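Next up is a structure, given as C-alpha cells.
A, B, C and D are the chain letters, set down in written order, and residue numbers restart from 1 in every chain.
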Amino acid sequence: MILKADLYKQHGFLKGLYLGLKITMMNLLSNLFKHDRMTLNYPEEKYFYSDRFKGKHILTVKEDGTLRCTSCMLCSTYCPAQCIHIVAADDSDKEVEKAPVSFEIEMLRCVFCGFCEEACPVDAIRLSGEYEMSGHAEQEWVADHHELAFRKSLNGGRGIVSTVDDKDRMKLRL
Amino acid sequence: MTEKVKLKWNGKDIEAVKGSNLLQAALDNGQEVAHYCYHAGLSIAGVCRMCMVEQDGVPRPFPACNATCGEGMVVRNDTPKIKAAVENTLQFHLLNHPLDCPVCDQAGECGLQDYYMKHGQYDSQMIDKKVHKEKVQDIGKNVMLDAERCILCSRCTRFTEEVTKTFELGILNRGDHAEITVNEELKNDYAQNLVDICPVGALTSKDFRFKQRVWFLEEVYTTCIGCETGCSVKVSQNKNGAYRVKPVFDETVNGHWMCDDGRQIYKHVSSPTRLQVASENMNGLFVPADELNIKEAVKGKKAKFILSTSLTNQEYERFFHEVGSKAEVALYTLPKLGADFDGILKRGDKNANLRGAEHAFKKAGKDSTPAALDKLLNSIGSSDVVYVVVPEILYNEDHFNTLLTKIEKASMRIALTPGETLSSMKVFNYLLPVPSFLEKEGDIVNFSGDIRKLNAGLSYGETTKDISYYGNWVNV
Amino acid sequence: MSSHSNTHVSHSQGAPFKFTAENLAKYEELLTRYDDVESALLPVLHLVQEQNRWLPIEAIEYVSELMKIPEISIKEVISFYDMFYDIPVARNMVHVCTNITCSMFGGREIYQGLLKHFDTDYLTPTRDGRISLQKMECLGACEMAPCMRINNDYVGPVDLVSAIHKLEELP
Amino acid sequence: MEKDTANYKDFSLLSYHHIPGVHNIEVFERAGGYEMMKKCFGMEPDFIKEEVKASGLRGRGGAGFPTGVKWGFFSKDRSAQKYLLCNADESEPGTFKDRYLVEKNPHILIEGMIISAWALGTQKGYIYIRGEFYQQAMILEKALKEAYAKGYLGKNILGKGFDFDLYVHRGAGAYICGEETGMISSLEGKKGQPKLKPPFPAIKGYRGLPTMVNNVESLAAVPWIMRFGAAEYKKWGTEKSAGTKLFSISGDVNKPGVIEVPLGTSLKEIIEVHCGGMRNGNKLKAVVPGGSSAPVFNHDESYVVKMDYEDVAAKGSMLGSGAIIILDETRNIGDLMKWTLEFYHHESCGQCTPCREGTGWLESVFKRRDSGKASKSDIDLLDKTAASMRGQTICALADAAAMPAQGMIKSFRSELEAYIMTPTHTGKR
C-alpha cells in the first residue's frame, strides 16, 4: 500500500490521530474506572487463562494408563527448539508395536510454540494450561515421561484431562 | 561396443543402450518413474503396474519395466491417461495398507509415502474393513516381517530365488489374501538386503529397528572393511552415532548387495565403550592418562610394531616414511573365516587391506609374512616397547589373544585401537585411541587389486592422531 | 466369507509320510511324461492326496526331498489351488457349486443347509470324519444347476433334501 | 454303421455325438474318425496351416483370436523342441461345452491335436484339464491309451517318422489357469500366475520353449475343416465369424445344455428354438452372453443380438466362451452382481495390484449394506473403480471383473441402487 503524504489535506489530521490512539485511550479509560483489570495479588489471586493457553506439556495416556505416544518422533522433528528427546523400543503389544522407553523435554529450551501438539498423529502430547513452572537453578529442568504424564497436578487425569479414549485411534485401523 | 539408440521420453531426448531396459534407461537419464517391483538386480515381475507408459503407435499402455529400448521410440508417462492410471494403481496399493507410518521404520524413505505425495488421491473412499495379516514377525537373521504393510511386489521372494538361491520366502494364497511367508526362517547370509529392497516397511531390520528415524540421519559413502571384497557402502549416522550400513550400487565390486557381516562394521565406531583418550593400566583398570607421561616412558626405546591389515595405504606409507624404516615391523593378518568365497560376495579372507599392506611392506623392504611376525615375537626382549595396532574388526578374538600372550615379555606394551576396550587388552600398559575407518580418508586395495576409497563422516572418537603420531614418540 | 485356508503354518499329521510302492511306481511313470521334474508337481500332489487325503508338512517335506523342489515353492502351490488341502479333510470331499447359475437355483442355500445339517464348517470334517464340505466356484456343470461334486462325481440338479440324502449314503 | 454325410455336415464338433459309444476308439473309427488324421500325414504341414487360416476359425476359448493367424506366429523350425497345449481348464462361470465334448467324444479332440501337432511340428502335447473334471480326465486317459495302442501317438506315428506324445495334465482348482500363460505356469509346477507378455507363449512358453495353446473346441474343429475344406466351413456363420460354435446354455430356460449352431444365430432363436423357451413362460430379464466376464444384455438387447463375435461386441458385450446364462424377471441383478464380484475376488491370482486389491474392494463396496454403510454414490464408486482396473494388469482377469460390473451398472443402475440400499439382516440400517 502506498500512503499518500498529503492525505491529511483531505481529512484533516485529527481523524488520523483519533484512530491511532483509539485503542490506547479506551484501555486507559477502562483501567481508570474498572478495577478488575488491574494487577492481581499473585499467588493469592490467580489469573485465568483460556483453554488455548500453551503451558506445561502433558503426555496423554490410554484408558489402561499406558502412554499414547508411539514415539514416531514427529514432535521432535518438528520442534524448533529441538528440546524433545525420545528413545523408542518394541512394545510387547503387537498392536502398539512401538513405544517410548524415555521421553524427555528440556523445559528451558522449549519455546511453547505448540508445534509438537500439531505434529502428533495420535494426540499423545498436549500443552496444558499450567503456567506455574518455577523452580531452582540447580535442578535439571528436564521433564521425563513420569513428570509429563503422571505428575501430581494432573491428578491421574482427573485434574487436567489427560486420558484419551483409544477408540478413535483404532477407528483408523478399521 | 554396445550400440546406442536415441529415444524420446516425455519429449526429452535420451540415449540408451539398444535392447536395454526402458525403465532403467529413463531412471539413468534422471527421469522420474514410479515403480515398486522393478529392481535392477532382479528379474522382471511387472506386477506393481506403476511404471506404465504410452508409446506412439502402441494402442495400450504397458509397463516400462518389461520393455526394451529401440531406436526412435517415443514414450510418455506424463499423459493424462497414464497419470490417472498411476493415481488409481497407487490407490489400490494403499487400499489395504495399514496406517502405520508413525511406528514404521520405513517412514521417510518409503515408496508409498514418496509416490503418495506426487500421485496420491487425497480423499480416501475406503471405509471398508481392511484385510488384516500378521504383524511383527521375527523371520530370522535380524529381519522383521509385517505382512500387512507388504504390497506384494515380490522383490524379496525373487531375491531369495535368484540371488541367494535359498528359497526361504514365498507368497502364499492368492488374491488379496496373498501374503509373504517364510519357510521356517531366513538362513542366508544376505538377509539384510531384503530390508533394503523392500520398497515399503514390510521388511525391517531388527538391528536398526526403532533406533532412529531416517530423516535424522545423513549418509557417508565409504567402503566396507569387513573382508577383502571391499563393497561400496554408505553408513547412516548423526551426531549421536552411526546406525546402519547399506550397500551402494557398484558395478565392479558388489553390484547391489552386501553381506550381513558387513552390516555390523559400524558398531565399534560410536560404541559407548570405545576408547576415547589415552589410558593407562592401573592394576587391570584403564584410567585416562597424560600423553606426555607415556611419551616420556617410551622415548628412545627400541620399538617393535605389529600392524593390522585394516589401515589405509596412506597410513602405511606415512608410517614407513616417518617411523617404520628404523624400527622392526611385522603384520598381523586375521585368520580365514569360512569358505574362501561364497559365490556371491563374502570372502573368507577378512583382511580389508592386505594387498595395500603387503605393497607398503615390500616398498619399505620389510617382510609382511606370518613368519616375520613369529620372528619378531620371538625376538621380543624385556627392554622393548611393543606397539600393537588392534584390527578394527576382530572376527576371531581368541586368535588375537594368542598373539597378545606372546608379547608379555616386553616391558612396555602399547595398544593402538580404533574400537572398544576388550578384556584381553589388560596385557597392555597403555591404550591409545586411533581413528576408525569412518573417521579417516584414504585408500584400501581389495582382493582384485582395485583401489577402494574410505571417506570420513562424523567423528565419535580420535580423528587425527594416527599410528605414525604415536610411533614417532620413540624417536627423539 | 473367505474360503482361503490359513496356510500360515503347515499342519503336521504327527506321522511320517511316504509313498506306497504302488504310488512310487506311479510317480516314476508321471516323471516320464514331463521334460522336467518341476512340471510333475501338480500330478504328484494329486497322488499324495489320493493316498493321504491331505498334505501335511510331512508330505511336503517328503515331496520336496523326492523332487528336489524347495518346500516354500510347494507350499505356495498348495495354497494357490483350491483342491489342495493343507488341513486335515474327511474321507469324502463334497464340493458345492455357488457360482451364478447354481446360486440362481439355490446352491448357496444348499451349502449353508448342509453346513447346518452336518454341524460343520468350510472344509472341517464332520464329527464322524465322513464328510468335508467345500464351496466352490463354477464347477462347469451349469446345465445341472444346482450341482455338487461328491468324490470326483458330479450330481445335479440337487435340492437340500436330496443332497443330504446323498451325503448320508456315503461310507 | 453307414456314414450319414448329411448328418455330419450339419455339425462340425458334435458330428459324432449321436453315435452310441463313440468315446470308444473302435466305434469312432468305424464312423470315420482318425481317417482325416491319416490323410493329413500325407499333406504338407503348411497346407494344413493355410487351410485352418482360410477357414476363419477363431479361438473358442474366449478371446476369439483367429487360430490360423496364431499358428502363423509359431516357430517354423520343425526340429526345435516345441509344445502343443490344449486348454481344457474350462472355468468361466456358465461354460461347460468342453466338458460335454470331452465326455462324449474324446477322440475328436485327440485327432484334432494330432493333426495340429503335425501341422505345427510339435513333439509333445498336454491336455490341461481342470482338476474338478476327474472323470473327464479319466475318459481322456483311456482314449489316449487307445490311441497309443493304435499307434496314432508315440514315436514314429504310422511310420511317417513323426513323433507326438500326448498327456493329460490335471489342474487343481484355479480359474486363472485358464489364461494361457497362467496355464503354462501351472504346467511348470508353479502357482498358476500369468506371465508378462511379451514374450508371447508362441515364442517363449512352457519351459521357455515355443508353446501353442488352443482351446478344446478350436482343436476339435480342425479334423472337420480338413475333411470338408475351409470353404465349406466358411459357409457357416458370418463373414468374420466363420463356422459353428458350441454354446453352453444355463439358467431360466426349459432345456439348458450344450448346442452347436452356426455363429450369427440370433439369441432369440437359441432361446426359443434350441432351448425350448423360457422356464414357466416367464419374461426374460437379462442375458449373460459369454460367461460371467461378459457384460449383461437387458431384455431389449437380448432379443436383437446375433451371436457372433462382431454383433455381440457391437452391442457392448463379448461372445467369450459362449456361455449363455439366462435370467428371467424373478431374478435380481444385485444378486448376479454380488455373485460375480465374489467370484473374481476369490479367483484373482494376487499378482498385479489393481486386480488383487480392486476385485476385493469392488466386493466390499458392493456389500457395504451388510455393515450399514451403503450410500447411493457407491454405485459411482464401483463404476469408477472398475474402470480404473481395466487394461492395467498382466492378464485380463481385472478386465473380466470390471466389465460385467460396469455393464450391470449401465443397464440396471436403479435396480442396483435399490439393492445396495436394502439393508440385510446383518445390517444396522
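Criterion: a contact is a pair of C-beta atoms (placed from the backbone, for glycine too) under 8 Å apart; a residue touches a chain by one contact, two chains touch by 3 or more.
Computed from a predicted structure; not experimentally measured.
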Chain pair whose interface holds the most contacting C-beta pairs: C-D
Between subunit C and subunit A, distance of the C-alpha-averaged centres to the nearest whole Å: 63
Centre-to-centre distance between subunit D and subunit A (centres being mean Cα positions), rounded to whole Å: 69
Cα-centroid distance, subunit B relative to subunit D, in whole angstrom: 54
Whole-Å gap between the CA centroids of subunit C and subunit D: 24
Shared-contact residues (touching 2 or more other chains) in subunit A: none
Shared-contact residues (touching 2 or more other chains) in subunit B: 126-129, 171, 173-175, 177
Residues of subunit D engaged with two or more neighbouring chains: 174, 191, 346-347, 349
Overall pattern in which the protein chains touch one another (line/ring/star/complete/other): other
Chain pairs that touch, as defined at the top of this document: A-B, B-C, B-D, C-D
Residues of subunit B defined as touching subunit D within the complex: 44-49, 52, 60-61, 63, 66, 84-85, 88-89, 91-93, 95-96, 125-129, 131, 151-152, 171, 173-178
Interface residues, subunit B side, partner subunit C - complex: 134, 167-175, 177, 179, 181-183
Complex contacts: residues of subunit D adjacent to subunit C: 81, 90-96, 98-99, 124, 130-135, 165, 167, 169-175, 186-193, 207, 248-252, 256-258, 288, 292, 323, 325, 327, 331, 335-336, 339-340, 342-343, 346-347, 349
Complex contacts: residues of subunit D adjacent to subunit B: 174, 176, 191, 196, 198, 345-354, 356-361, 364-365, 368, 371, 373, 381, 388-389, 391-394
Touching residues (chain side subunit B, partner subunit A) in the complex: 98-103, 107, 126-130, 135-136, 209-211, 213, 215-216
